[in-house]
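Have a look at the structure below before the remarks.
Letters are used for the chains, namely A, B, C and D, taken in the order the chains are written, and counting of residues starts over at 1 for each.
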Amino acid sequence: MMRLFSNTSLKLLLVSLLIQGSSLASAQEPIRIAFMDPLSGTFASVGNSGLKQLQYAAEELFNSRGGILGGRMIEIVPLDNKQSPTETQIQFRRAVSEDIRIIFQGNSSAVANTLNSTITRHNRRNPGQEILQINYSAVDPILTNEECSFWHFRFDAHAIMKLNVLTDYIAMNPDIKKMYIIGQDYSFGQVVADTSIELLREKRPDIEIVGNEFHPIGQVKDFTPYVTKIVSSGADAVITGNFGADMVSLARSIIDSGLEIPIYTFYAAYDGITATLGADGVDKIRLIHNDAGNPIPTQERLEYIQKFKRLNPDNDMTQHRITNALQMLVKAMEESQSTDPYDIALALEDMRFVNMSGEELWMRGEDHQIIQSLHISVHTDQNIVVDADNSGFGLLREYSVPAENTIMDHSCRMQRPRR
Amino acid sequence: MSMLSLQNVSKQFGETRIIRDVSLDIEPGERHAIIGPNGAGKSTLFHLISGKYQPTAGKILFRDNEIQGKTPFAIARLGLARSFQVTNIFPRLSVFENIRCGLLWKEGFGYSFWHLLGRQKELNDKALALLVEIGLADRAEFPAGELAYAQQRALELGIAIASGAELIMLDEPVAGMSHSEAENAVALIRKITEGKTLVMVEHDMNIVFDVADRISVLVYGEIIASDTPAAIRANPRVQEAYLGEVPEAATDTSSGQNPEGVDGA
Amino acid sequence: MKTLAKKSAIWLAYLGVLLGLPLLFDSILAITIFNQMAIAIIFALSYNMLLGQGGMLSFGHAVYFGLGGFMAVHTLVMIEYETVYFSIIYIPLIGGLIGLLAAVFIGSFSTHKAGTVFAMISLGIGELVAASSLIFVSFFGGEAGVNADRTYGPAFFGIEFFQDSEIYYLGAAWVFIATLFMYLFTQTPAGRMANAVRDNPERAEFIGYSARRVRFISFCAAGFFAGIAGGLFALNYEFITEENLNAVTSGRVLLMAYIGGLGYFIGPIIGAVILTLMNSLLSNYTELWMLYLGIMFVLTVLFLPRGFAGFIMMHRTAWIRGKLGSLLLPYLITGLPALVFAIAGVAMIEMLHHEGEVFHFLGIPLESANLSHWLMCTVLAAIAYLGCKRSLPQLREAWESANAIDEAGEEREAS
Amino acid sequence: MLEVFIFSTLNGLVTGLLLFMLASGLTLIFSMMGVLNFAHASFYMLGAYFAYSISLHLGFWMGLIFAPLIVGILGAVVERFALRRVHAHGHVAELVFTFGLAFLIEEAVQFFWGPDTKNYQSPDILDFPLFTLFGQEFSAYRGFMIAISVGIFIGLYYVLTRSRIGIIIQAAITHPHTVANLGHNVPFIFMGVFGVGTALAGVAGVIAGPVLTTFPGMAVVLGSIVFVIVVIGGLGSLGGAFIASLLIGLLQSYAIASNVGMPDLLNLVGLEFSRDHPLTDLWTLTLPQIAPILPFLLLVLVLIFRPTGIAGKREQ
């Protein structure tokens, strides 16, 4: 092992250490975009799946069609942040070191927040060397509210927007009288709990919140004791923001206890979760998400997904917003005829773009929050054209909200740099 | 004033009475040996005096200070040093460091983290002098754990002496040595305990009768006799107690003396 | 006095390396890695005060690092809002004092015993603090941590610490000071008695020292220096999160100290450098770097129980006797096949990992579906293994002849 | 309220017995070799993963038989070729080695099975509610888990106290030299005990995998808790480990089921704090919130006030 290190890595180390940030843009030089997400460790599968989707989008939509800005290719540079805020700092400096000016990042709001404040500081201290943050998935509301930044663009609806739609949907179901909220004890879990309670009180004052529980992330061995509480509370439905193993364990425990109630959630599909829930979860798990699942709205997108599947049989096209983000980014570059983050940012503001599903997306200029339609889908094996985890199960759309109905106010007071 | 005085000391482990009502006075400058068959409680008695165990009953006075119930380090600070049945040194420190550590408390360094040992010329000279005395000067930089057995025992003695103790207690100082090694060890013991009080446990009767001024015989936790070597030799109770026993044979740990298992091994 | 001059030379060289590194490698990435190393070196050295010098195996040393770091970040925030106002160069000291405070409190009950009991208490405390850090959001900032900006304090001789390279020199100064003081600590009565207590706590008691008190002092010192490392972390990254005081960080520092070599003062420095390089560079070439790290760690424990420093120190006798050269050839003869074996092994692991795709390993395209690639690697590994095994006795022989001691004492004194 | 109590007790029992299956092996190994096996929970995880792979082809029951066997053999190999070697360097080196092994096994599991959650299912034959109480089902599989755990406990007790091999093992723990002098192969006994201990962990993994989800973090989640149990129970004491397992299982279960917290406590004494108070996190703490860290709190308290644990005699 050490042998490998002293051989390949040392050479590469020397090269990378000696690289100076002095590359001048030339027509043929690729446009380098960093993809910074966990590529090793526990969360690697999510990160690697995202990386493949971004690489596919760049290759399929642009590079194979002659590149952009008059023939320049897009090069995706994977940077492994191990889903750790500390490691993100280190990888950010690597990106700076290699003169990369655009960073895609999505997993974990903690990482996104860190990156956001790091980039803000960096850009203030290094005028002319600015970096742009393309957040394709982190949903912490503060990123486009209190902590909004000129250099940050979000291509996913934030948690409160999603919950707004989700509670609308719940409110339409007269059978639900008692709601149980359970989540991981950290900021996202707390946002989900507080917002759900507030919105449900507004929309359906008759719904009783019979439980509001927090448990530590990744520490719970067995969710059965929690399920016991859910059962004894007589809840008709559950809202949870859990992800990963905590999501699977919770759902499995609820299903195992024989409780026949819907579970409303955010992250209960793909990356092994759909396969693990399998037949047990059918018609019980409902997700709020953007970019319509089954039925796929357009032939163009279906073909796009199917080609990806052919190239990556073990991966799914889980996050179409990655493609949206890259398309809008390229559009901004083409419009401004520039790769400078400042010019790109200006072009992205208030951009309207029709994506592959035929939905119109709007990047609101005031807070850099994408506005697009949102959907609620159910975990099932009926009418599934594009499944998840090759399991035959997938997401079927039940309810959609057009973009204009998802708009919410924001509290962003953006500080715009002057040039 | 006696150097060490045990007054009706008893020790029980659960139901087992290891030491029964032992009283003993040791005068300053005396060389006192404690003998007895295996399992008599000799090591336990040592542990009681040095503070490893607390007596169940009775008083232990060291230079008129009551020391029963005190911690080993507090007793050591009063000027009582001991060696162990099993070699007990600091194996990964150098021989020189072993001796220097022994000197530290007496020389008033305490827990200081502001003195640099390399700068303490007086301390280092003392340590070197002691090394010469115990014959290990040429091994000064060796890790103590790499020394030969007899040398380790000599080093252990050296550590005990270094602490400047008035009373030195040796637990089987020549156990496991060859005849010539034992002779050297005895000579060393004589030399470095000059003018101090010595209490020793030893199975080798030749050495005991050679070194000791007075001998106490411990049998089943009781002292059945305490007298000069000549008187002990003539004592019929002692002869009875030792009948069938081969005192020299016992060199390793015997049961009952160390109920919690051997430490530091 | 000769030794004093020799020692001063070593320290001057150390200072020279610290100051000269950024002149040789001045990319932002290089500076980033050096900063990481600086933090890791202090942290690993402080851990060695516990385990290497004091014999206390801790599974929760990150607590002091993290608490120091959190307080340092909060101090930076206070400087920003001018609640307090002083130059940020003293921030690591704040971290150190908090680390010390925490160590005084926790050490007061945890240093009673060494060994398993101490290890378990440290594990329990570590888990407790890590869990609490997620619950007490107002101080620890939840999983997102706490942010600050280091540029608000008064400038230090015109330096405002905008860039990481400026922080590097500040860090280098702190590393030098901390290393020096930690070294000097080993030369004091308290430091020496820590070794003695590690070796034989009972004996230490019988020469007048309370083993518990000795451990407590080492423990506090270790907490203090861990806190300094935490403060430096806060300065470098301008943020800190709970991951910096949880079990992963505690485990990493154990790895660093152990792989580097316990008991040798320089060991943790070596370990910190190796692990930092692996962590920040190897991970860019393979997703499996953690697996390799695990393999390396286990192999180190099995075959190099005294770590890399111990391996280097093994050659001291041969070096003194001027016979190091005679080992070179045997090392090459055994080392080369070992290297080939390792490369072939890694190639196979990577092939397994990259199932169904072509990847480049040392510039050679490999594919798991291609049987001949497997065959090639297997044959290579087998040949290398045999070569290694065949030449090992020769190496051992050479080793013994180089280390054969005619008169042991003589050799030792020559040093 | 009653149904919560009953189900919490049952849940606590399931968890506690599962923990005991791990703790018993760990305790046996500790008694023998004096080393706490940090990687013990990793063998539990391996049990789950092996069983998952076997169950894909041969079904759950074959997994239950063969996975623990494989894990046991693996454990014996680790003891024979690695731990015995490290033993010469002392307890700290052993502890550090098992720590590294735990790290390595987690990475290896991710390497061979990937980082995702695995769809390891309980057998269909046990896929029915054993009984329904107050509208809540208690699955037959959980009943099966209790039965297996209790069965193993009884079996272990019987083997250790009644059988010849058990007596030799007990003797080898306290007097290894004497046993060796009697002509028994003590290193082989050690290897066997390590193998059996890890196989027990394997069994726990096999039966826990379908319920507690099979993913690479499962060892970490359980590992430190098992440590806590062994220490609280008293190092080396099987009886203590049994009590501590149930104690921790029930404690956590009840804590989660409870609804009390600091606000209730403060109301009781008539205090109230606003949400803006700097210590608001403390004033709003609830018992279910801290349930998973209670074992560690207990550990620290026990170690401070009774370092030998509930039933421990042996001092380190």
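As a working rule, a residue touches a chain if its C-beta (ideal position, glycine included) is under 8 Å from a C-beta of that chain, and two chains touch if they have at least 3 such contacts.
No experiment lies behind these values; they were computed from the predicted model shown.
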| item | value |
| --- | --- |
| Chains touching both chain A and chain D | C |
Touch graph components, with chain C removed from consideration: A, D | B
| item | value |
| --- | --- |
| Farthest chain relative to chain D (centres taken as mean CA coordinates) | B |
| Chain closest to the middle [Cα centroid of all protein chains] | C |
| Rounded Å distance, chain B centre to chain D centre (Cα mean) | 46 |
| Length of the line joining the C-alpha centres of chain B and chain C, rounded to whole Å | 42 |
| Centre-of-Cα separation between chain B and chain A, whole angstrom | 73 |
| Chain centre separation (chain C, chain D; CA means) in Å | 31 |
| Where chain D touches two or more other chains, by residue | 110, 289, 292-293 |
| Chain C residues counted as touching two or more neighbouring chains | 131, 135, 137, 288, 290, 295 |
| Chain A: positions in contact with at least two other chains | 41, 44, 185, 216, 219 |
| Graph class of chain-chain contacts, one of line, ring, star, complete, other | other |
| Pairwise chain contacts under the document criterion | A-C, A-D, B-C, C-D |
| Footprint of chain C on chain D - complex, ascending | 36, 82, 85-86, 89, 91-93, 95-97, 99-101, 103-104, 106-108, 110-111, 224, 227-228, 231, 235, 278-282, 285, 289-290, 292-293, 296-297, 299-300, 303-304, 307, 316 |
| Residues of chain D defined as touching chain A within the complex | 1, 3-4, 7-8, 11-12, 14-15, 110, 114-119, 121, 129, 132, 134-137, 139, 141-142, 211-213, 215-217, 221-222, 225, 252-253, 256-257, 288-289, 291-293 |
| Of chain C, residues touching chain A in the complex | 25, 27-33, 36, 131, 134-135, 137, 142-145, 147, 149, 151, 162-164, 237-239, 241, 243-244, 277-278, 280-285, 287-290, 292, 295-296, 338-339, 342-343, 346, 362 |
| Footprint of chain C on chain B - complex, ascending | 50-52, 71-73, 76-77, 81-82, 84, 88-93, 97, 100-102, 104-106, 109-118, 138-139, 141-142, 159-160, 162-163, 263-264 |
| For the chain A and chain C complex, residues of the former touching the latter | 1-5, 7-9, 12-13, 16-21, 39-41, 44, 48, 79-80, 82, 84-86, 89-90, 93-94, 96-98, 108-110, 113-114, 117-118, 121, 125, 140, 185-187, 216-217, 219 |
